[in-house]
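One structure is given below, encoded as structure tokens.
Per-chain numbering from 1; labels A, B and C assigned in written order.
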Amino acid sequence: MNALEVKNANKTISNGVNDQRKILNSVDLTIAPGEFVTVLGGNGAGKSTLFNSISGSLLLDSGTVSVMGKDLTKLSEEQRATSISRVFQDPKMGTAPRLTVAENLGLAEKRGQKRRLRQRQLNQKKEMYRELCKLVGNGLENHLDTPTGFLSGGQRQALSLLMATITKPDLLLLDEHTAALDPKTAKQLMLLTDQRIKEQNLTCLMVTHKMEDALHYGDRVIVMGKGEIIKDIHGEEKKQMTLADLFLLFEEGETVAEVM
Amino acid sequence: MKNKGIIGSIIALAVVLIGVFAYQMGSRQTDATANKEEIKTVGILQFISHPSLDQIKDGVIEGLKKEGYVDGENIKIEFLNGQGDQSKLNSMSQQLLEKNSDVLVGIATPAAKALANATSDKPIIMGAISDPVGAGLVTDLKKPGGNVTGVNNLTPVDQQLDMAKEMFPDAKTVGMIYSSSEENSKSQIERAEKRATKDGLTVKKYAISSSNDIAQITQQACQETDYLYIPQDNTIASAFQTLINESDKAKKPVFVSVDNMAKEGGIATVGQNQYDLGVETGKMAADVLSGKSKPADTPVNVIDYGDMIINEDKAKELGITIPEKIKEKAEVVKGE
Amino acid sequence: MVISAIGQGFLWGILGLGIFMTYRILNFPDMTTEGSFPLGGAVCVTAITNGVSPILATLLGIVAGMCAGFVTGMLYTKGKIPVILAGILVMSGLNSVMLFIMQTPNLSLLKQPKIQDFFTKLNLPDHFDIVLLGLIAIVIIVALLLFFFFTDFGQAYIATGDNENMARSIGINTDRMKVIGLTLSNGVIALSGALIAQNDGYADIGKGVGVIVIGLASIIIGEVLYGEVTFIERLVAIVLGSIIYQLLILIIIKAGLDTTYLKIFSSIILALCLMIPRLKEALNLKTGLEKEE
């Protein structure tokens, strides 16, 4: 069974009165369980749209999306959350600012489950949460009772990642999740991300603009351009790639896109 | 709970509640003897300002004076006007009680009701209430049974429609306009409708929800009927000019229920002199003050007759001839 | 009259708690309030005058309020009507509904049983019957709210208002949360309407006018006065805010100011309270209202 199967995805949006733009053009994508795929592409290539149609914040015009064999095409974003978890680019988007770190983790832990009128068992879970937060390495474990609105962007983003991986999702979507952070924090977060993915053998789809990350992390690289997947490198070929190769690939992708 | 402010407030609240409670319970023992105050207090609560109610209030003061109670000499009159606001009536009733009123007077049904809700033992005199039983103020007009009695001015609907029949013998349809937020109007209209239908007239009823609707409703009523009938309605009273403007444009006569409205442009009425009603109310209040009577067994003073009043200028303006019979008996008022 | 103000403060505090559930937690203003408040009173009083026991009548009032909130919720989530507009539509419609139920714009409870009779019969000093009624009602509501918000469901509810995008991405059906929020909060609001109608001795279709100001005043005064607080403290602060507001009104009346000016003074007090955070900022002090954007 494939972790992710996108078949013939099409999405058009109107850009004003008479202007229609095809954002996704018959995109096919298959990802096996345990694969860590990075997605590159220029602005307007369709990366975010692809992500949004997988997560459910956007509905496709035509085509299907399935995760672990389950057809999600007609489901809403919250219904898909049972299988998919996501970390956004904006650190503020992933955590609830008035709720504490522990409360946020408590909410994330219930992903995919029915939330009932049972008292939340927060105090019992705090030890476990503390251990989890220690993984981050920036003192998050000392802020279990701090409302996340008071934390730094880096801490909130790390928390978002923990929240996204606290229950093992069938598919993890990372949407340029280090882009808004300073280089040092970004690097720490990327290491943590890799660690979590390896620990839990997660299937991950990551959009990034950082070539180094695309090179060093993951075992497959996809380049998108003008709503299509232009290049798909995996296995040995990917392992052998250098930064220069990657740049070239990217350029090629852009040119090809321009021609299309 | 850690916040000092909150804990402090809760403690302060508890202290006040318990303190007042203890004090009140304690002072109850010593408070048994009756007040031997020289000066008694009369609390008057008026529903809203308009000429009829104002006249009633003046009448009340005169009625008290006639029985020997003069404001500033041997009584203190506390007067409050609710401005038509229900919630103000409630807080004002409380205020009048706080001022240790010995007798309360409620002018117009909403005021009387507010007073009745605020106390079930201080005596309350109703000043010109059209339906005390319907309003829940007394259980029986002859034996009120509670702490409320007073003057019940039953609009003389029969007399009025008799007069209207004589004045508009050719009329087939009568339009009755009333305010849907006043229950006293509704009961009057019901009686009027019954009587008019018996007379063979077609009755069309028009309800307004606020004075904003008056102009439009009056226009429509004038188109569909031969003359208009207006009950004793506080909302319409306060916006009567608007109504008359429209009816004049359509050249339709308006038969009213209150002498003031006749002065303002209504063509005729069988009205009850509001001032006199007030005087009767004042007298009943005086009886309670002097200990001569208690509300529970003082029958409600039902006044269901009135005087014919005509507005000659209006009749002339609209081209309506007033039958001689009526002209002889009726009091003529000048338009204002 | 201080005791009366405290008793009123408790009853109006229930309104504040109801409004809090949508205004502060879900972060949108619900205009249904000015309809569901008098509706609670209308249904309750109509039931009592038809022989229903006051407690059952009050419960019916709550259910009526919940139905109103539910309709607003449906208009908002399914009909995609902006929430303020949806609330206004329901509020206006309720005017006719109440007239239909009561068959008159004003229904009196004179000589009818009321829920506070139990306490009135105890012959306590003036107004203590309402204080006890209000206190018990507040304790029950606060306890229920505390229970609710600390369940998994309640946590998801809070998250919906705090960060709707995040909530959806962790599987919370935010539309459903909003409908439930509107339903429950208007039930609480209708409860305060029913209790206050019984206290005042009548139900009136016009009783809802301006109640949002009173409810917001309770919330804002509580926030501004008590600074940073835990959730439990926030609920208590709302009740205290309501009492303080009633006391402020009392001061205005006692100061001899013509009650004609009552409404404008209420607005001024509320405006001042709303501006205190700005003033405190200017003077470099802290309030409990700082929120990360």
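Everything below uses one rule, namely that a contact is a pair of C-beta atoms (placed from the backbone, for glycine too) under 8 Å apart; a residue touches a chain by one contact, two chains touch by 3 or more.
Being a predicted model, the structure only gives us computed values, none of them experimental.
The chains touching chain A as well as chain B are C. Closest chain to the protein centre (all Cα atoms averaged), using per-chain Cα means: C. The chain with its C-alpha centre at the largest distance from the centre of chain C is A. Centres computed as Cα averages put chain A at a distance of 73 Å from chain B. Look at where the CA atoms of chain A average out and do the same for chain C: the two points lie 42 Å apart. Note on chain placement: the centre of chain B and the centre of chain C lie 33 Å apart, centres being C-alpha means. Chain A meets chain C in the complex at residues 55, 57, 76-79, 81-82, 85-86, 88, 92-99, 103, 106-108, 110-113, 115-120, 147-150, 163. Contact residues on chain B toward chain C in their complex (touch as defined above): 1-3, 5-6, 9-10, 13, 16-17, 20-21, 24-25, 28, 83, 86-88, 90-92, 94-95, 98, 110, 113-114, 116-117, 135-137, 139, 146, 180-183, 186, 209.
For chain C in complex with chain A, the residues that touch the partner chain are 147-148, 150-156, 158-159, 162-163, 165-174, 291-293. Chain C meets chain B in the complex at residues 1-4, 6, 99, 104-106, 108-112, 124-126, 128, 131, 200-202, 204-207, 225-230, 232-233, 236-237, 240, 243, 253, 259-260, 262.
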